[in-house]
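There are two complexes below, and they share chain A, which is joined by chain B in the first and by chain C in the second.
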Partner chain A sequence: MSTTTREESDVKSPAAAEQQIADEVLRINIDASATSPTVLFLTSGIFWLLVGSALGVIVSLKFNLPEWLGSTPALTFGRLRPVHLNTVTYGWISLAGCGVIVWLVGRLCRVEIRWRGLLYASAVLWNLGLLVGSTLVIAGYSGGMEWLEFPLPAAAIIALAFVLFAASIFKTFSVRQVEHVYVSLWYILASLIWFPILYLVANSGAYQGVGEAAMNWWYGHNAITMWFTPIGLAAAYYFIPKVIGRPIYSYYLGLLGFWSFALFYNWNGLHHLVGGPLPTWAITVSIVASLMMFVPVMAVAVNHHMTALGHLSIVKYSPTLRFVVFGAMSYTAVSFQGSLEATRTVQEVVHFTHFTVAHAHFAMYAFVTMILFGSVYYIMPRIAKWEWPYPTLIKTHFWLSALGVAIYVIALTVGGWLQGLAINNPTHPFIEAVNITKSYLWARSIGGTMMTLGNLLFAYHFALVVYRAGPRRFAPAWMQKVVEVPSE
Partner chain B sequence: MMFIRSFVFFLGVLATFLLGWAGIVGLPDIMISKVGPPPGLKRYTADQLYGRSIYIREGCIYCHSQQPRPTGFGADQQRFWGRPAVPADYVYDKPHLLGTMRTGPDLFNIAVRQPSEEWHVLHLYNPRLVSKESLMPPYPWLFEEKLSPGPDEKPLALPDSIAPKGKVVVPTSEGKALVAYLLSLDHTYPVHQVAAENDTTAPKQ
Partner chain C sequence: MTLLPAAIVIVAVAVVGGALALAAFFWALRHKQFSIKQINEGAFVIFDSVEHVGKPTDMTFKKPLADTDEHNHA
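Showing the complex of A and B:
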């Protein structure tokens, strides 16, 4: 692992100095091998982030103004909403995640990235799959199941892209030059095995009726927990110690966290069907597994937060640490919420409400997306050889995204809860459950618009770095004056 | 040594994954696949199936569930949304349309609650014609304007303010099919027999 810290440069012996230079050269070569694929994946991801967030805002406004864009079939709520979900998850998070993974794997395996042709092919195919899938859903060819709306041709292209991507990463891993395989790699490698099987099973069409519903939500939950979450956790496990400049708090907690994660998460899915027409035992198993998630979540939380403890002042100036710590804290919070949310008592109220939508955005934006932002802030200057030109822009991005998602989550959590209570109150007509959400849905539109503006600033800034535009900086783009120099 | 450790790692990763799949998808699916259709459940007609595909195409699922909950779990029973759903109700369904959201009400027995074809066409043309505070989008492309209705067609009873001048509005074949599907959503037939054979299914009333 290339965790050579700056202090080591103080070592004076000639042999050590030579080793130091060799390490630097190796690292430059590794980063160089990752540059093109990483930039390709990140650029694609950010493109879909913009598409997906624009759709998100439109879809949100349709709740406030139901007649708006209401006479065009292609712009109706029921078609744009799945395209929003699919572009932000299979587009933004997956592709940006792939970009981060490529770079991390080079660094963590200490070798240049192998089979890079497969990575280019993967990125091109992946984009094609997203384009075909989105177009088909808008044209009216949705597969019909949530998280699986892309019809077979698009799903097949994306599956192929994923396999090509995984092949390159496994090849690189197989020629690694490290004794110890770091925690981040466990999560990455596991997810590269889990997700393709999951995606193939889900698109196989092998199920029918309620059995299909069970598969649907096993898949829907696992797509989040066995692909998007490992990306976020792998990045957090790498960047928190990296920026702070000290090792992760506990190897054994990492081990416990990973294996309990693998064991329990996979059984969670049926909590999406609590109260539904499934065998009660199966749903109960999922609720128990959801509560068991306290184990991996606390292991990861303690590990991340104990590593950062005492160094939290760095979040004032390091963009990477600020975004990643925000994401890691959100992971703890959203997971605790998720475990409690899975219980029958809470499900009775929130099951069919906007509360769930708030929870989803808490996870996918406040946790995964914020960590991806932080990772990109770290990676780009190193591979583009160009610092972020405007630190103020980073700060503005952070506050727009952080406050935006806070407004979003709080508004829909409260609104969704009230909606659930109203649905469950039979003495009042159903329409009251609709009316009670209306002001909260406006607040959601405001929060969502702020998040979208933050994403736009980020995309603009990213483009400047790719094109090496804007004022040239020779020092890291800290968000405020640095008192003590961290090792970033 | 390195190989063995990697091997154990990947084996563990695969095993934990397959366990979950078998546990919460495989087993329930095997149990449910033995359930036959209840005597009262009719197969979809071609027209209803066509309407169901429109329901999927327009994403109705994102605001409407199709799974009434049992007594003691929400107010579905007091709202008369129909007896709790059982796996047998869904044997002809692919893709399933259970839904996860109730921005609008549950539709599993909408044909019983709202059997009027006239109401459904108006509601789809513009929901606010029949439910002033509704958030539902309008679906005007399921309708067409004509100079005069065909022999079997009944024009929409639109208020003068929005009715096109000198023309009538009638549902297209898609509009008719969607209404036919909605009017097929009646799962109030008894399932005691089925429920008794599968005492592990959702709690009984």
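Showing the complex of A and C:
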């Protein structure tokens, strides 16, 4: 497959035509090799998205109706909330992320996916791990630490699934037909090394007491940043330039962003324990690293913005670009918020409040999930050979998700801040800090319900494409009606 | 009692992680991933002769617009 390094029109010389046919055939073969594992991972991920979303709404409503479902131990907040967290992160984002990674790696390495049997085994084991973990937590056998609630048997199964997945990806990478490692590949390959280290260390059981708390927040923060974030950034670095048809604005910035990301991000986490019984220097190191994150974040933000500049009209009609640009903008915003949130002044107010919950959803939904949605909108028609049947559903999905997460994040950010101020005021009784959040918690439930409805529409639409059902479209499923589409 | 296993894990992870990072960096240097030529051409590897620069691709079942910005969207 040739690499086109300059803008050019479709030339029609025999050699060029031959090259185009070769490129087309190669791309079709690569996509075909990725189809089954990608669909398997995406389908699994979407299943867990629905499970996790439903649990999220139930858990949110428990803040509004504290007695609701409170008499059955398996349905109490302390059991459902961890299952919500684990199913959306290790279920939806991880599995859908794996699906996107498989497809991207084939495209970026320009080879068919290798060791696909390992991918199938990985998907099966991963789902088994989620099922075992969720069941055990519901039954009351939680690990007890946030992000690490799944007991050891479930964690071990997921770790094995991850190793199998990584083996296939590295094998494919090793036989790549492209000399240069594109910036998306750097993020993907690095995350395949970072996450197992994090996961194995966190589940090693070598910590107790204060050390366990430190490890817990080091893991909790870095699971987001060293696994979920690279998936989102890798997809954004591919889909924004690809959809627009324009190379990334500054490739230098792209690489600077990656290596500074790798250098600074894993020092984060302990800022969550400001005021806790840890050495001050350890927390300070984490705060400094959080502020240093301005470097990679700015590199990514400038790159994405400048790439899209002048082509924003495509955001109007392209589902992929609409979702991915929303996610990329959210990445910039949530990262800036995170850096400021890490400082002692802010952290002393927001810690132990709903502000942190808003921040987590800002990252996991507004950033990563929206980019995953955009990626799926791009990938599925190509591998299923079936266009999305209902553009209106895509549009409704976008607005339910975007408005839902906006309501959720804004409400809990404001409510959490007020809650923190009330908690820190010794003249106020604690119950005031609770009462002050009530209206914001209703807004949270409304926002969460909207996101869940959007997820349901997305799942239904996805199923139609997988089964090649619904009206067959011979035009792109754009979000705006295009008046004129010139033929080539 | 609790410090030793934690210290062993942390030191081991630091050594392994650092070694992997250095190995990746030197691998990249040895394979000229940061050469001017590769960096200048790196951004173009996602394109080919069919899906080339200047061609928006989010339109699977229709020929692409030559320049999307020049077309009106209802």
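Please note the rule applied: the second predicted complex is superposed on the first by the 473 of 488 C-alpha atoms of A that agree within 3 Å, B and C clash if a C-alpha of one lies under 4 Å from a C-alpha of the other, contacts with A are read in each partner's own complex, and residues count from 1 in each chain.
By definition in this document, contacts are C-beta pairs under 8 Å (C-beta built on N, C-alpha and C of every residue); 3 or more make two chains touch, one makes a residue touch a chain.
In this text the structure is predicted, and so the values were computed from the model without any measurement.
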>> In the overlaid three-chain picture, which partner chain does A:23 touch, first (chain B) or second (chain C), both, or neither?
In response: second
>> A:279 in the overlay: touching chain B, chain C, both, or neither? Say first, second, both or neither.
In response: first
>> For A:318 in the superposed arrangement: first (chain B), second (chain C), both or neither?
In response: second
>> A:247 in the overlay: touching chain B, chain C, both, or neither? Say first, second, both or neither.
In response: second
>> Touch test for A:333: chain B only (first), chain C only (second), both, or neither?
In response: neither
> With the two structures laid over each other on chain A, which partner does A:140 touch: chain B (first), chain C (second), both, or neither?
Replying inline: first
> For A:436, is the partner it touches chain B (first), chain C (second), both, or none of the two (neither)?
Replying inline: neither
> Looking at the overlay, what does A:267 touch: chain B (first), chain C (second), both, or neither?
Replying inline: first
>> Which partner chains sit in contact with A:209 here, chain B, chain C, both or neither? Use first/second/both/neither.
In response: both
> Which chain A residues contact chain B in one complex and chain C in the other?
Replying inline: 190, 193, 197, 201, 207-209, 211, 215, 262, 266
> For the complex, which residues does chain A have touching chain B?
Replying inline: 62-63, 66-67, 70-73, 76-79, 81-82, 140-146, 186, 189-190, 193-194, 197-198, 201, 207-216, 218, 222, 226, 259, 262-263, 265-267, 269-270, 272-273, 275-282, 285-286, 344, 348, 351-354, 356, 423-426, 430-431, 433-435, 437-438
> In their complex, what parts of chain C are in touch with chain A?
Replying inline: 2-3, 5-6, 8-9, 13, 16-17, 20-21, 24, 28, 31, 33-34, 38-66, 68-69, 71-74
> For the complex, which residues does chain A have touching chain C?
Replying inline: 1-10, 16, 19-20, 23-24, 27, 107-108, 178-183, 190, 193, 197, 201, 204, 206-209, 211, 215, 238, 241-248, 251-252, 254-255, 262, 266, 310-311, 313-314, 316-321, 378, 381-382, 387, 473-476, 478, 480-488
>> Under the stated contact criterion, what part of chain B meets chain A in this complex?
In response: 9-10, 12-14, 16-17, 19-21, 23-25, 27-29, 31-33, 56-63, 65, 67, 69-70, 73-75, 78-79, 84-87, 89-105, 127-128, 131, 133-141, 198, 200-203
